[in-house]
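In what comes next, chain A is part of two complexes: it sits with chain B in the first one and with chain C in the second one.
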Partner chain A sequence: MSGRRHTIWWIVISLVVAVYALFPVLWIVSLSLKSAGDVANRKFWPTTVDWSNYELIFTGAAKDLFLPALVNSIGICLIATLIAVVLATLTAYAVARLDFPGKKFILTMALAVSIFPVISLVTPLFRIWSAIGLYDTWVGLIIPYLSLTLPISIWTLAAFFRQIPWELEQAAQVDGATSFQAFRKVIVPLAAPGVFTTAIIAFFIAWNDFVYGISLTSTSAARPVPAALSFFTGASQFEEPAGAISAAAIVVTVPIIIIVLLFQRQIVSGLTSGAVKG
Partner chain B sequence: MSTRLSNRAKGEMKLGWLLSAPAVIILLAVTGYPILQAVYYSFFNYRLTDPDNRFVNWGHNYLVILTDPLWWQTIWVTLLLTVVTVAVELVLGFALALVMLNALKSVRPWVRTAILIPYGIITVVAAFSWKYAFDLGTGFVGTWLSMPGFDWFGDFWSSFLVICAAEIWKTTPFISLLLLSGLAQIPGDMLEAATVDGATWWQRMSKVIIPNMKAAIMVALLFRTLDAFRVFDSVFVMTAGAQDTATVSFLTYNQSIGQLQLGMGSALSVLLFLSVALICLIFIKIFKVDLAQARGE
Partner chain C sequence: MSVIELKNIVKRYGDGYPAINDVSLDIAEGEFVILVGPSGSGKSTLLRMIVGLEDITDGELRIDKELINDAAPRERNLAMVFQNYALYPHLSVAENIAFPLMLTKGQYSKAEIDERVNRAATLLELGDHLDRKPANLSGGQRQRVAMGRAIVRDANAFLFDEPLSNLDAKLRIQMRTEISRMQRNLAVTTVYVTHDQTEAMTLGDKVAVLKKGVLQQYASPQELYDEPVNLFVGGFIGSPPMNFLPVENVDGALHSPFGTFSLPEARSAKLREAPRYLVAGIRPEDFHDAAALDEAKRASGALLTAEVDVTEWLGNEVYAYLPFEAAPEIRKALEELDRDLDGEGTRTQVVAALDPSTAVAEGDEVQLWFDPAKVMVFDPETGENLTRDPENAQRLAEASEAARRRALDRAREQQQRA
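This part shows the complex of A and B:
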């Protein structure tokens, strides 16, 4: 009896949460399917489903702007995330587990870097990148994205590492494992949920960037989606660019949904293996 | 005995720096020079379009900014936005983390994905969605609330409300994710023991769950607050600073990129940085959580 009531409760809660989280997305979907005449009708749903906004992005005038940007964003953000998470894991382990002078400096420095306004970093970076040929390249964006993602990755992982039961690592060291073996065999599996959570956050931060993307690129060679979107808005000849922007927004949301689903599974398996530790 | 200890300490130091070096080098290289340049330029009268008229004016930029009511108005708006959004996000984020943790197994992946999607959506895009929802030209909200003629972006408080709503919707998953991982690391037997002992839901929450995830809460709060204080994209898209909704970041952008006042913009960047550093300091003092303090607790 109470089990069934419990189930119904959770179904209701899940539905409420889903509506809350997806309603603005649904609104963008609806807006993207409105015809030029419908966009300003001030209603939630379109009167007729119209695909012209999508045609503009995939086969129309905005194609050459939008599709390469999608590839750039996915590639650049995945590479930056991978590097950031690997480096941050090493650093966070050192900071959380080892006793050495300078770890306070590392955390403070990471924090200082992460709180410095990006807007003031961009102008000098633009000059350096132009001088050494990194302007408008993937590497030229991956490096600043590392500076966006590394600090929070280090801090987040250090917090996770502090909550891990250290006796296990000490036990491994007593059993003859070196510090590094203890790290790889004991801590990494325990830290997996934290590492995957960090990976998701790092990816979203890179994916979300707008200031670097628009300042350090000039062509479709490296221009990421958010920057391309702003060009797209300006280039559009529509009276109201809302429909076209919405269509582009929906397209860039699809890889996000895929990645969340992909990592989501990893988090769950990480959580269950982490639960064994007790 | 003492030599063995010092050898061990030496080994730890070596390993510690070996593991940290790549990240530290990248962070210093990418940000060190630009940060120094921002501080340096903040003491100049320097407009990019007028480079011949560049000279050191010492603290004049700072004096101009700190005596301008616009600066204090901007600080106030930014602080208000930060406090409102972070407070709502912490409560909402914790609730959503509990939902992600406890939802029925059959729908859990879908609920989790749904909760995470707003955070994956580009801020600029999310801001457009909320803007178009309320906008006089395209918005359905006015129609739904039977106030069709109301211009949401026509005065401060309604604009502020919409900006807050967009920010909260977009960034709450960030807090939820961090809190979820904190929740997941609370030992299950500890909770079971509390339940067996007859602890109520609220007692389990306040005596077992929250104290055990203090570190996760601290990190989530700290980074959200710092991010909220630098809010830029939403303001840019929704109001472009109209109706007194300009934030400190937006003001900085307007000076350095918009008007190419490099000296004044750099001074604003430094002040923004200092404000954020102050918030950070207050946070660490209140929570008294020291991430560098590693083992032996």
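This part shows the complex of A and C:
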């Protein structure tokens, strides 16, 4: 009896949390499907499903603002993620496996960097970037994004590497592998789920950034989507741009959902079971 | 098949404490050598130094005369079976076994690798599991995959680090026989680490007993059993372990808590200059129930009288436990010995392994008969075995070496025929 009641409670709590978390998303979806006249009508559902907001950002007036921003976002975030994951993999491996002076310092500094408020860095960065010509360029965003994504990537991957039995690498070396072969043939395949997870987290962080995006760019040469959204205007100056912004928000959320669904299986860990007697 | 020589090997960690202190071993071609000792004796460290996973602080390690102190593990061509198996979880059984061959860039063709993997798998009865992942195997199967990875290549030697400690008792005995058979058939030099004296005695051509990083004795199992050099080896080898009785040495007569006896003339030479308080070692199986013996036999040996505290009936034997109070002069030495042997309490009881036909029951006063010629006497200070017979030890060593050579020759003949 008590077991069933327990289950019911869990279902109720989960539903409450799910509704609480997903309600705003649903609202955005609804808003993006409203026609210009409906946006301010104080109703939750659109009176008619209207795709004009999507047309506006892909083919309409907002096209020149949105499409380059989408390209910028994808390019900048992918490059930042790739660099962060490669560097973090090597760093985390060293941190997890080797004993060297300053190991603790590296981890502490990484943590300190990640909790440093972004807003306090933006102004000095703006001045420096302007001076050295990185303002409004991809590189000018990739570098600060690395400072956001590297620390968390290092911490996540180091935790992951620590779970891989040390003995596997030693076994590989005894079996005739060089250190690098042991890393490539044994550690990397086992670490793959961890690397995927880290890559996705890093990508999200970069993808969601707004402060750097709005402050360090001025044209569509490098402006990412979150910043571009704030430049949206309605179809005419008398219209609210809320519908178009919602449509753009949905469009930039979809890739994230697709990525998570695609790599769901890789994210599942537990691949290391069976290596050693637990 | 290689000769491995360890000369004055020392391992010191950061704090300067030697984990391995001046160990020298000669391991002959095709020999099965066991490194045995309680926890903290440095046996695994020594093995890892041989394979190259630990640096050698001092001393010389040679394989086939070649100094390899600083060689990387892969340059030593040694195969190792790890305590936790260390299988690659992302690879199938076949890929795990083939792993060492795949690393030898082009030395083996694809067909050759397949053939070798199949041969190893057949030998270890893994043929049906080649496509499975380690996660889907039982403990015994994982263990065999780990062995397969070792035997698939032509390694200079096999190294085993407590390979059976994760298996249950029944499987352990089975695998023990399997390892013994495999080693003898392949005739490959083998170094095997264990803390289990039964494994050491049953598997090894020679056994190196280690205590706190120091080699105590390196000899055949029988020599360790019959002629241990000191109290530690005597107490470590044998199951149930050797009994240690505190005795007072008065003009060659030994007074124990259970009665007085003396050793035969030939064995008591060293006792005359020995200290007053000594430790007498008697193996449980050397005790017999005096009630079951005839008068002539009783007169030929010594008798101890004591009260039986607990008995344990095992079918083929009865263990009778007889507690005693150790004299304070000896107690310290006995307690220290017990700690060295990983014991829990102090050893102030005697265990007698009696014939199951005995009528001895708990609470009875019992007379135990033993042959004084089988008693060993140890100096409690130095631990030295005062009754050790070097000539007998020599004879045992020669006999064991001769038996090993015969077995090796037979294995080689068979290999040539095959």
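Keep in mind that, in the parts below, the second predicted complex is superposed on the first by the 227 of 278 C-alpha atoms of A that agree within 3 Å, B and C clash if a C-alpha of one lies under 4 Å from a C-alpha of the other, contacts with A are read in each partner's own complex, and residues count from 1 in each chain.
As a working rule, contacts are C-beta pairs under 8 Å (C-beta built on N, C-alpha and C of every residue); 3 or more make two chains touch, one makes a residue touch a chain.
Note that this is a predicted model, so its numbers are computed, not measured.
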Chain B versus chain C as contact partner of A:186, first or second or both or neither: second
Partner chain(s) touched by A:132 [first = chain B, second = chain C, both, neither]: neither
Partner chain(s) touched by A:173 [first = chain B, second = chain C, both, neither]: second
Partner chain in contact with A:115 - chain B first, chain C second, else both or neither: first
Overlap of chain C and chain B interfaces on chain A (superposed complexes): 271, 274-275
Chain A-touching residues of chain C, taken from the complex the two chains share: 51-53, 72-74, 77-80, 82, 84-90, 99-100, 103-104, 133-137, 139, 142, 149, 153, 166
Contact set on chain B toward chain A in their complex: 9, 11-13, 15-20, 22-24, 26-28, 30-31, 33-35, 37-38, 96, 99, 102-104, 107-126, 128-130, 132-133, 137-140, 142-144, 148, 169, 173-174, 177-178, 180-182, 184-185, 187-189, 215-216, 218-219, 222-223, 226, 230, 232-233, 249, 252-253, 256-257, 262, 265-266, 269-270, 272-273, 276-277, 280, 291-292, 294-295, 297
Parts of chain A lying in touch with chain C, wherever the complex brings them together: 165, 167-168, 170-178, 181, 186, 189-190, 271-277
Chain A - residues contacting chain B, complex: 7, 10-11, 13-14, 17-18, 21-22, 24-25, 27-28, 31, 39-40, 42-44, 87-88, 90-91, 93-104, 106-107, 109-117, 119-125, 128, 143-144, 146-147, 150-152, 154-156, 158-160, 162-164, 166, 179-180, 193-194, 197, 200-201, 204, 207-208, 210-211, 225-226, 229-230, 240, 242, 245-246, 249, 252-253, 256-257, 259-261, 264-265, 267-268, 271, 274-275, 278
